[in-house]
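Pasting the structures here.
One chain, chain A, links the two complexes that follow: it is found with chain B in the first and with chain C in the second.
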Partner chain A sequence: MTRLEQSTTQASRFAVLSSLISGWELALVVALFAVLGGFAVGAPGFFDGIGGLLQITQYFLPFGLVAMGLSIVILTGGIDLSVGATASLSALVMAQLWAMFGLNIWLAAAVALVLGGLLGAINGLIVTRLRTEPLIATLATSFIYGSIATAVGGDNPPSGFPDSFNALGIGTVDPTGLIPWQLVLFAVVATATGLLMGRTSFGRKVVMIGYNSGTAYYSGIPVQRVLLSSYVLSGLTAALAGVVLAAYYSAARSSMGDPLLLSTLTMVVLGGVSIFGGEGTITGVILAVLVLGFLRQGLLIAGYSDMVTTMVTGVILLGSIAVKNTLSTRRNLLRARLRRWRTPAHSPQTNPTVK
Partner chain B sequence: MRKTELLVGAFLAVAMLAGAASAGDAIDTSKKLKVAMVPKLIGLSVFKANELGAIDAAKKLNIDFLYTGPVTASAQGQVDVFNSLIARKFDVITTTSNNPTQLAPALKRAMAQGIKVVSYDSDVSPDARDFFIQNTAYPAMGKALVESVAKYTGPEAEVALLSSTPDATIQNEWINALKTYMAATYPKMKIVTTQYGQSSPSQSLTAGLNILQAYPNVTGIIAPDGAAVVGAAEAVKKLGKTGKVFVTGTSDPDAIRQYVKEGIILESPLWDEVKEGELVMYVARLAANGALKDNDTFTAGDLGTFTVKDKVIIFSEPLVFNKDNIDQYKF
Partner chain C sequence: MSDTIHPIAAETAAVKSPSAARRRWPRELVLLIVIIAVTAGIGVADPGFVAKQNLQFMILNSVVLSLVALGQTLVIATRGIDLSVAPVMGLGAVVTGLWAQQFGFPLWGAVLASLAMGAVLGTLNGVLVANLNIPPIIVTLGTYSIYGGIVFIYSDGVQVYAVPPEYATFGNASILPFLPIPIPVVILAGVLGLSWYMLEHTVFGRALLAVGNNAAAAYSAGISCASTVVRTYAIAGTLACFAGLIFVSYTGSATVMTGTGDHIELQSIAVALIGGTAAAGGRGNLIGTVMGSLFLSVILTALVFMHVPPIWYSAGEGLMILIAVTVGMNQSRAGGERT
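Moving on, here comes the complex of A and B:
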């Protein structure tokens, strides 16, 4: 195949990709309306006015915050298994600074965010400098951060934060109780992440590294620096989620972040981000956060047990991966057939080593 | 006589509204109630035993009963369930908490909407519930745990503690109580180590083996946690120390039956979980009726009479299982 031919196939492949992704997002929008409409009709108590519906977002938006940072890491082709432990540890450090040293809670929260970024930087440095697989590196740090969190928490982890701080988790912006603070925070973080990934060179570099890190490296992209930044951002959003969870529960516990990882991973994958990196959009992930979040709360309100909702989450994870893989297999098959049809004479030369 | 008059006076309005004439022990069951029981996690046999008793009592008390909870022992899962129960406008939420602080905001939201909250087994913060049913008084449990090994190891034994997690409220209360009792009654008895099995059977077994290997002089293990007691007993069995090291702890009888029969656990205190489940429903009914004061006494059918003190109801004295009585209890 000539170089020109190669580049045209690549171009058409990107075109196919982009049309597929937007189709995926469209499907998520439909799913979101189906979930909202279905439960509004079928589950009494789910739709209790717009205020009630927005209230429900408080129960799952911390997952959304984590999903933003995790998406960036997964887009690079990596993974961050330490998000839950990072959230717990950051929240506990904040709580202890407040409880033991009398630090202002907002100042302590700022320290927690810095700490989250640092923990992310440690992950990033292990991945880039020690050349460790992200899966192993962040699995190890999740154990380490989690153990430190348990130690920091002690036998009576702090609780009962000031109400002004708790408002971040359960309060609303307006006195009528319509728009939760969490929703505002998520909107800001999601917009920022969306712009970062969609409109800046950093975002393009992340996707290129995820698509093919070797090519990205030889194109002069500072792969290590971009990877490091992506883990810092993941640590930062995990810490932010930890702070919000602490406000939501008015308590910090070392086990608090445990449920974050698997649900968030599901959101990212359902959002259309390829688990191998290089493919997916933040818009898709935001939609997936809303779909999964409302679905779980709706099922609970409809009277299904946690057992059912957890199972449904698993089925959706499998289903979305399977659908994506099937689609991309079909694409590969198609391309393979096209290639065979177009370049039959090349086939002996492509397998010169076959005996 | 005066007491009865006071009682009649206090509940006149309620009684008139409900159309009930008697102010004595009869419980007003005219209005159907929606009551939920939210355990730490679903699928654990002790909580299942509570459910059995609750289902039984719910029928008598005109209660529409729902048993629901998270799949894993997480406070987050419990809060999700509470939120859904609030949306579904339940009358009473009863729960045993995974930790006291994290559940409080959600339960306070429930109370603000007029939902009564009754905690049992493991309490939540006192301002986040209307009543708490405590299994047994902590000092009584502390005493029962120490006596269950002291009788067999002698008063100068070296014992080890194997608990669940360092921040488990109820386990820490029991440990404090047993230390107090031990210091007063057996001053020469010594606690050589305290380890944690994270409520996981495999980690508890590892911790049990560690104790026995690192402290060969230990003759008793007190394990105030369901998984820990099984782990400790299995460790004794694995290392062939049956008859030399005695284990006690708090566990449902099903989980420890074989160890009791093998003589590794000679005595193990708990309480009757089935009957406790019944009591939870009686308290739920009375709380919803507005017929229970912060300090009060009441009769719960054939369970007998109970005292409310500062919103806390103590369910019973410890029930000590041994090889003679354990087969009477199936949970």
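Moving on, here comes the complex of A and C:
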């Protein structure tokens, strides 16, 4: 998806970013092989043939689905903290439609996806119409969606979905059991997101809004509509992840989506997407999903507790940004010095922001 | 965090401001009136609500949240956010509680220990934000899981279920036999007074607000942005950890889920915003924050009296945040302080 930046090579700033980001993606590829190789050697039971490796992806691909939608929101410069609650609520509504009203489970899943889109739209409307900071808006809606999810789930949330549906979470495409359905689903969603962000005008608008929403507005980009769409997409992928998780556990719980947020945010940021928006690629996020997913599962297989794995996730989140920030300031400083040397009249401004 | 509010917002503000330019009531006064109105309203329906015991419970219940939220208010005023206050509070409660329970650690030592731990953890947050240039939400989300992990590993499944009487007195008793004001309330009043003075009347306080309002301008004006931010996060961490000690003294129990289980980080953000602190930074209403947490405590207790199922409490909090932020935004625009 580097084409996204390639077409703007006239703007030298983008050229720097693009070279940095492709370098970042390369680093992620190296990290992926390091993680796979390291655990294959160090953790017995991690590498059990290619099939075994593909099976492991089932543990973390729902996170990857959420990361796709969340990337779009973060690229606009926003954030969606309600992904976990959205996933839980959508999955529970699906489960209740199936259990209480006898709706076909696939039809119920479709309803859940529509609901996810609607919940995303509510976030988007609050952000665009009430002009609330995305952080605050989605914080508030995550409370509200979470409460509704608990209420919908009731005392005894439904479980025991049909096997044909559960295959979505734990089944494989081929009878030999090599390629999980989850992987196929993630491949489709990731490709679609990649194409959407890299090859369509929508993707360009998203990045431009994230880069400078004021300029985007005065360039005639319908900022509010694009923002709204990005939250809808985030809600949609969160709901999809909820459905997949429900199929994986063959149950739906109101706390099911809780662990999604920290991990997906880490994936997006590790993937090289700037938390301020306007910078980053879907390729990077896909790579980060694999790196972090295999790392977490590897640690769990190696016998570390869930808590330690979460701590490691936190350390990686902070470490990756610290490294990236250090790298980019070094480069910017170097560029700034070069520019000063070439054109003394055009003194570069250093950016003293503390954020 | 992110600037999605741009020219369009500025235009709306310009259109709106002349009609809305009249003086508004201060947020803390509005909250106080609402609190009294709600208390009186529910009290008429159910006299148990205004019984001395319930009133004292509601006030005491808001103290821990108030302490955490005061630090959060300062952080938000710098245009930051601190999600890690929850595990820091949990750490303060679990560590001092376990020390007290296992080998009768003296109270004065626990006070010092909680302050020191909080200061160290808060400073770490601040350094990551200010010196490594990592966005506050990312920093504190990361340290949330790290500090949470430390609590988990340190406690190793052991719970605090009993603290020495010294602690229980500290958490519950009145300051003087004839004056029915619990010690934590007095402490809160002291902290509020100190932090208010610090924010409004010291160089550091003004620097803090300047950084929150416009970091680049503050930098150009010669303010050391980095050290201001680090100190602010250090204060937030200290207050959160100390609130943990108050919590364990008051309730006599603490688990791994203390702080994080109640989503104290989200509650503290909520009450800061309800109290009139601007999410966009540059303004902090400390008295409003304390009123906000008292308001939250009263509302939550009122919900219990009205037999609302507990699952709806967090939805109520979410709605309160949205209302507070929406109202607060119009208010700040009308005042012409920010665009």
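In the analysis below, the second predicted complex is superposed on the first by the 320 of 355 C-alpha atoms of A that agree within 3 Å, B and C clash if a C-alpha of one lies under 4 Å from a C-alpha of the other, contacts with A are read in each partner's own complex, and residues count from 1 in each chain.
Assume a contact is a pair of C-beta atoms (placed from the backbone, for glycine too) under 8 Å apart; a residue touches a chain by one contact, two chains touch by 3 or more.
No experiment lies behind these values; they were computed from the predicted model shown.
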| item | value |
| --- | --- |
| Touched partner set for A:Ile126, first chain B, second chain C, both or neither | second |
| Chain B versus chain C as contact partner of A:Leu292, first or second or both or neither | neither |
| First (chain B), second (chain C), both or neither touched by A:Ala67 | neither |
| Contacts of A:Ser159 with chain B and chain C, given as first, second, both or neither | first |
| Chain B versus chain C as contact partner of A:Leu265, first or second or both or neither | second |
| Partner chain in contact with A:Ile321 - chain B first, chain C second, else both or neither | second |
| Contacts of A:Leu75 with chain B and chain C, given as first, second, both or neither | neither |
| Partner chain(s) touched by A:Ser142 [first = chain B, second = chain C, both, neither] | second |
| Touched partner set for A:Leu36, first chain B, second chain C, both or neither | neither |
| Residues of chain A at both interfaces, chain B in one complex, chain C in the other | 150, 307, 310 |
| Partner chain A, residues of chain C touching it in the complex | 1-9, 12, 79-81, 128-130, 132-139, 141-146, 148-150, 152-153, 211, 215-216, 219-220, 225-226, 229, 266, 269-270, 273, 279-280, 309, 311-319, 321-322, 325-326, 329 |
| Chain B residues within the chain A interface of the complex | 42, 66, 68-71, 74-77, 79-81, 83-84, 87-89, 99, 101-105, 109, 125, 166-167, 172 |
| Residues of chain A defined as touching chain B within the complex | 44-46, 48, 52, 56, 59, 150, 153-157, 159-160, 166, 169-170, 248-251, 253-256, 258-259, 296-297, 300-301, 303, 305-307, 310 |
| Residues on chain A engaged by chain C in the complex (per definition of touch) | 76-79, 126-127, 130-137, 139-144, 146-148, 150-151, 213-214, 217-218, 223-224, 227, 262, 265-266, 269, 275-277, 307-308, 310-311, 313-315, 317-318, 321-322, 325-326, 329, 351-355 |
